[in-house]
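Below, chain A partners chain B and then partners chain C, in two separate complexes.
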Partner chain A sequence: MFKYLLKRLASGAITVWFIATATFWAMHSVPGDPLLNDKAVDPEIRKNLEESYGLDKPLWHQYGLFLGNMLQGDFGYSYTQRNRKVNDIIRDHFPVSALLGVIALLIAVSGGVVFGAITAVYKDRMPDHIIMVIVILTVSIPNFVFAALSQLGVLNLNEWLGNTFLPVAGWGSWQHIVLPAWVLGLGTLAYLTRLMRSSLLEEEGRGYTLTAHAKGLSRFRILYKHQLKNAILPVITVIGPTIAAITTGGFVVELVFSIPGLGRYYVQAVQQLDYTVIMGTTVFYGAFLVIMVVLVDIVYGFIDPRIRVGQ
Partner chain B sequence: MKNEIQDRPLLYQSMLEISDLYVDFSVLNGTIHALQGVSLTVEAGKTLAIVGESGCGKSVTAQAIMGLIPVVGGRITKGSIRFGGQTVYANDDTKLQKKEWAGKQIAMIFQDPMNGLNPTLTIGEQIAEPLVVHKGLSKSEGQKIAIELLDKVRIADAKLRIKQYPFEFSGGMLQRVMIAMSLASEPKLLIADEPTTALDTTVQNQILSLLAEIQREQSMALMIITHDLGVVAKMADQVAVMYGGRVVERGLSDRILASPGHPYMQGLKEAMPNLKKAEPLTAIAGTPPDLSKLYSSCSFAPRCRYGMKVCVERIPPLFSVRDQHTSACWLHHDAAPANPLVLDVPHD
Partner chain C sequence: MTESLSVSETLSPELFEPMTIEMSVDKFEQPSITYWQATWQKLLRNPKAVSSLCIITCLVFITLVGPFIWTVDPAIQDLEQISQPPSWGRSALVVDDFGIWQGVPITEMEQGEEDGPLVLKVIGKGNTEYVRLTWRPIKGISEYHIYRNEFVPLDIATLGIPLAEIILIDGEAVGYEDRLKLSERDYYYSVVAIEQVMNREDSDTDMPIAVYSTIRVSVIQGVTKADALFLNLESEEVNGAQTVKLPLHPFGTDGLGRDILSRLMHGARTSLLIGILAPLIYIAMGVVYGGVSGYRGGRTDEVMMRFADFVIALPFLLFMILLKVAFGIGPGESGILPMIIALIMLGWPSVARIVRGQTFVIKEEAYIQAARLMGAKPFYLVYRHVLPNVLPLIIVSLTFAIPATIFTEAFLSFIGFGVVPPNPSWGSMCNDGLQHMLSTPHELIFPASVICIAVLCFNLLGDGLREAMDVKS
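For the complex of A and B:
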C-alpha cells in the first residue's frame, strides 16, 4: 500500500512538472507584455522592473529560476497586485473555490446516484423518459447560460415574494452558495445520472441480481444493498476528472456570481499576462488534481474488495 | 381414452403442483412461447429431476415457481402454480410468490456460482441475508448461523471464510456457499438449476453427494434441473422429461430410465455413450422445436421415427404407460398400433 502510494505520487510529480513546463513555454510564446499598462512606462523604470522580476534574463534562465523556486514552494510576487505573493492569493482564495466545488460535487454525485437509480428502476416508463429528456437538455446547455437563467429566475422569485429568498451574487453566507453550487453541479449531475442509469441496468442482468430476487428480497433492498455498490464503480472512476471539470468550470461561475474564488484571479491573470499568478495557480491546480485522482483510486478499493490496493 | 390422465397429480401428497402453465417472452421479432402447458408435481421430501435439452423450458419452469418470470422479462399467460395451500394464477402478479415462497419456503441455486454471488459483499453477509431480512435476526446472530451453515456444506475455517469475498473462493466452493445460502431459511423445497454444469467432473460429484445428503437430513424436497442422465440416475426419485415447453414424460426415475415411453426419451437414452462397447454415438435427428410458434400438434413429430397421422394433428396428452409412469405420446393410446411404422429419416 505504502509502496503503491509512493509510486503514484512520484508519477504525479512528473505530471505536475510536465504541466508546469508546458504552461511556462506556452505562456511565454503568447504575444504581449506583462508590463504594458495603459500609461506609458518610463524606459528606466521598465528596466528596473524587468530586472526585479528577472524578465531581462534569457528564457531558459527564467525557466530554471522558476523551477528552483517552485521546488521551494515559492511562486513569487504578482505582477499586477501590489505587494501580494502568489502563495497568499492561493491561500486566501482557494478555500472559497474549494467550498463551492465540494458542495457542487456533493449535489452532482448525490443527485446523479438518486436520479440514475430512479431512471433504472422505471426504465422505459414515464419517470425515466421525463428525467432523461431533462438530462439531455442539461448536458447540452453550457453552465454560463444556466448561471444567467437561474439568476433571472431567482430575481423574479425574489421580486414576487417581496423579499430576498436567495441572493443571486456575492459571497459570505450559506445562502450565497446555493445558487452557484447548483449551477456548477448541474452539468455533472446530468452526466452522472446517465452513467448511473446505464451502469445499474448492466447490473440488472447479472447473476447475483437474479439470486437476490430468488432470495425474496424487495426491489429496493436489491437496489441499495446489492446493485448500487457494484454500479457506482464507474461513477467513482469519473469523479477524478469530474473534480477537474467542476473546478475549472468554477472559473466561469465565479465570474458570473462575483465570488472571490481563485478562478476569478486565474482568469484575470491570463488576461493581464500575470506570469507568476498563472504559473502558481496552474501548478497548484495540477497538483490538486493529481492528489484527487490518487485518492479516488484508494476509495475504489474500499468499495470493490477485488481491487483493494497493495494486497 | 380411458388411460388418459391429463392434468391430474401423478401421486398424492404433492407439495408443489404446476398445471397447464404457459410463459411467453417478447423478443425483437415476435414472441417466444417458452412454456406451452407444463404440468408437474413435486412430492414432499422427494427428489424430482427435470430433464431436457437447452431451450426446452426447464429453467423457465423453475423461474416461474420462484416468481422470477417478470425479472427475466417474460409473463405467465395461462395456468397456475400451487404451493403450501396457496395458488398463483396466470393473471396475478408475483407478489405472493415473493412474499410467501421465494427465499423462505422455496430456495433456488443457479448454474453459475461465480456470477451468482455479489462480488462486493462478504460471503457471511450474503448467507445470512435471508435470515436478517425475513426473520429479523441481528447481524451477529446471522453470522453465527452462517458459520454453522458453512460447516454443514463442509467448508473448512468457516469462521475465517465468512469474512471473505466471492473472488477468494473456487467455483466448487462457491456452489457450496450457494447451497449454504439457500439452506439459511430452512426451505421445504430446494430448486437446483443445473447446479454442476459450470463445475469440473470431480467437483460435480462432491456437490451432488452434498445435495443428496442435505436433502435426506433436512427431509426437504429437491428439484434438480439437468440435461445429464447420469445426474438423474444418481439423484432422482422421479423424473419429468421436457420437450418444446411441455412435460412429455414423467414418473419414477428408474422405470423411465430403464424403459422410456416417449420416443424423445428413447433417443436421449440411445445417445448416451456406452463405455463397454466401441460404437459410434447416435444422435436425435433434426433440430429442436421452434418456440416462436404455439404448437397444436406433437412438437416432437418432425424428429420422431414413428409417424402417425394423429401426431401432426393433435397434442398428445399424458397416457399411462404403467404404474407411476406416464408419457405424452400417441403410441400409448389404447387405439395405437402395436407395431407402428418406423421411419428412417425425420420428416417435415
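For the complex of A and C:
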C-alpha cells in the first residue's frame, strides 16, 4: 500500500511539472505585450518594469526562475493588479470557487445516487421514463443557457412571492450559493444518474440479489443493504474527473452569477495577458486536480481492495 | 468371401446412377449478413436513433444548402427592424422625409363641441419615424409640457420627466413632433398646461379645464421615402396609404438588426465544422497513437502512455482558452482554426487510451497468433484484424465526441474566447441573446434550442449505436 501511494504521488508530481511547463510555453507563445497599457510608457520605466518581472532575460532563464519560485510556492506579483501577489489572489478567491464546487458536488452525487436508484427500481415504469427524459434533456442544454433560464425562473418566482427569496446574482450569504451550485451540479447529476442506473441494473442480475429476493427481503432493503455498496463503486471512480468538470464548469457559473471566484479571475487574466496570474492559476488548478485524482484513487483502494491488488 | 461375391452379383450398374433429388429440403432463406448490415438493421429498429439520424441529416443538409437558398447576409444590419420577433413579412408606412413641422395653425383648428381646449390630437398616423401631436391652447397659457409614457398615467404626478417643454410665442401654430427612438407599440402622450404664477394671481376666475390630457397612440412601422428608395423596397397601395414591404426575417432579428435565420445557418457552418472536423482528426490521431502504443507494448507503450496521461491531466478548459489564444495569431483570424487546433491537441489522448487498451486485448487473440504464424506483417495485422475490431468503439466515441465539442465551442464563444464576431456561431449567438433575454427572448431561444437539438440528437444516436454495436462504454 505504501509503495503504491508513493508511486502515485511521484507520478502526480511529474504531472504537475508537465502542466507547469506546458502552461509556460503555451502562454509565452500568445502574441501580445503584457506591459502594454493605454498610456505610453517611458522607455526607462519600461526597462525597469521588465527587469523587475524578469522579462528582459531569455525565455529559458525565465522558465528556470519560474520553476524555482514555483517549488517554493511563490507565483510572483500580478502584472495588472499591482502590488497583489498571485498567491493572495488564489487565497482570496479559491475558497469561493471551492465552496461552490463542494456544494455542487454534494448536490450532484447525492442527487445522482438517489435518482439512479429510483430509475433502477422502477425500470421501464413511469418514474424511470420521466427521470430519464429529464436526464437526457439536461445533458443537452449548455450550462450557460440553463443558468440564464434558472435566473429568469427565480426572478419570476421572487416577483410572485413579493420578496427576494433567492438572489439571482452576487455572493455573500447562503442564499447566494443555492442557485449557482444547483446550476453547476445539474449536468454532473444527470451523468451520475445514468451511471448509477446502469450500475444498479447490472447488480440486479447477480446471484446475491436473487438470493436476497428469494429470502423475501423488501426491495428497499435489498437496494440499501446489498446492491448500493457494489453499485456505487463506478460512481466513486468518476468523482476525480467530475471534480475537474465542476471546477472548470465554475467559470461560466461564476461569470453569469457574478461570483468572485478564481475562474472569473482566470478569464480576466487571459484577456489581459497577466502572465503570472495565468501561470499561477493553471498550475494551482492542475496540482489541485492531480491531488484530487490521487486522493480518490487512494480512497478507492481502501473501499475496494481488488483495485490495490490489481495495481 | 462367397457371400460378398453373391452381393456383387445382385448389384447392377444402374444402381450407381446419381439419384435425382425429388424431395426439397427446407432451406434457410436468411441471407448471411455482415456485421455492419446487422448493426444497421438493429439501429433501424431503434426509433430514437432513427429520428435523431434524420434530424442530423436535415441539419447538415440545411447547413450546406441553406445559405444558398436563404441568401441574406448574416452580417447586414437592418436598422428598421431591430430585435424584431419572428414574423412572416412586415410592411411599413411610407412617410415624408425629415423636415421641420410647424404644427397646426390655430385658425385651422375646428371648434367642435367635444374638441375642447387641451385635447391632444394626432396628426396623420403615428409611426416609428415621427408622431405629430397638436392641441388647442388654453387662453392665457403659453407653456405646455409633453410627456410620453408606455403605460397609462394614473394622474399628473405619475407622468415623469417631460419629453419637451413648449412655449408658444405668438400662438400661431401649435404642435409637437416626437422623433425620439420610437418603436412599434402603444404610447400614452400627455400634455400639461403650465400655469404661470403671475397669471394665476392676475385672474380671480377659476381654471375650469383639466390641466392635462392624455391620448393613446398606436405607433406603426414607418419608413421615410428616401430610405424606402435607398433600400429598394417594393411599394404598394393599401387602403389609400402607400406602404412598403420590409425585408423578411422569418426568425426575427437580433439586437443589431441582423437576420437570425441566416445567422443560425451560417453559425451552424461554424459550429458543425468545428464540432465534426476536430473530433474526426483527433480520433484519427488517437487511433494511430493508441494502436502503435498497444501493438508495440513494453517500453514504447509505457513512455507513450505516460505522455498521454500528462496531456489528459491538463485542466481542459483552462488549456483550451490558453491554446485558443496562443494560436489566434494574425489579423482577419476568424478563431475557427485555432479552436480546431486546440481541440485536437487536447482531445486525442482519451481516444488513444481506449484504442490502446482494446489493441492490447485483441493482440492476444488466437487468430492474431495464427495470422502472425502465417507471416503477416504488423501493418497488415493492424489494418486487417485490429482496426475492424476497434472500429465500433471508435464510431461510438465519435458520436459522443461531437456533442461534447459543440458544447466546448459554445462555451468558449460564450465567455468570449471563441469565434470572432462577424462570423456567427451558435455559442456567440447565445451570448448576444442573453443580453436581451428579458425583452426579446427569441434571440436566445433560437440558438439555444438549436444547440440543444443538435446535441440531443448526437447523444441519442450515440446511445443507439452503442446498443446496436454492443459496445461497452
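The criterion applied here is as follows: the second predicted complex is superposed on the first by the 302 of 311 C-alpha atoms of A that agree within 3 Å, B and C clash if a C-alpha of one lies under 4 Å from a C-alpha of the other, contacts with A are read in each partner's own complex, and residues count from 1 in each chain.
Operating definition for what follows: a residue touches a chain if its C-beta (ideal position, glycine included) is under 8 Å from a C-beta of that chain, and two chains touch if they have at least 3 such contacts.
Please read these numbers as outputs of a predicted model, since none were measured by experiment.
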Superposed partners chain B and chain C on chain A - clash or fit: fit
Chain B versus chain C as contact partner of A:211, first or second or both or neither: first
Which of chain B and chain C A:15 touches, first, second, both or neither: second
Partner chain(s) touched by A:251 [first = chain B, second = chain C, both, neither]: second
First (chain B), second (chain C), both or neither touched by A:98: neither
Chain B versus chain C as contact partner of A:26, first or second or both or neither: second
If touched residues of chain A are counted for chain B and for chain C, the larger one: C
Minimum C-alpha spacing, chains overlaid - chain B and chain C, in Å: 13
Shared contact residues on chain A - chain B and chain C: none
Chain A to chain B touching residues, read off their complex: 206-218, 221, 225-226, 229-230, 303-306
List of chain A residues in touch with chain C within their complex: 11, 14-15, 18-19, 22-23, 26-27, 29-31, 136-137, 139-145, 148, 152, 244, 247-248, 251-252, 255, 266-267, 270-271, 278, 281-282, 285-286, 289-290, 293
Of chain C, residues touching chain A in the complex: 306, 309-310, 313-319, 321-323, 325-326, 329, 403, 407, 410-411, 414-417, 427, 430-431, 434, 437-438, 444, 448, 451-453, 455-456, 459-460
Contact set on chain B toward chain A in their complex: 66-68, 71-72, 98-99, 101-104, 107-108, 110, 112, 114-121, 129-130, 133-134, 165, 167, 178, 181
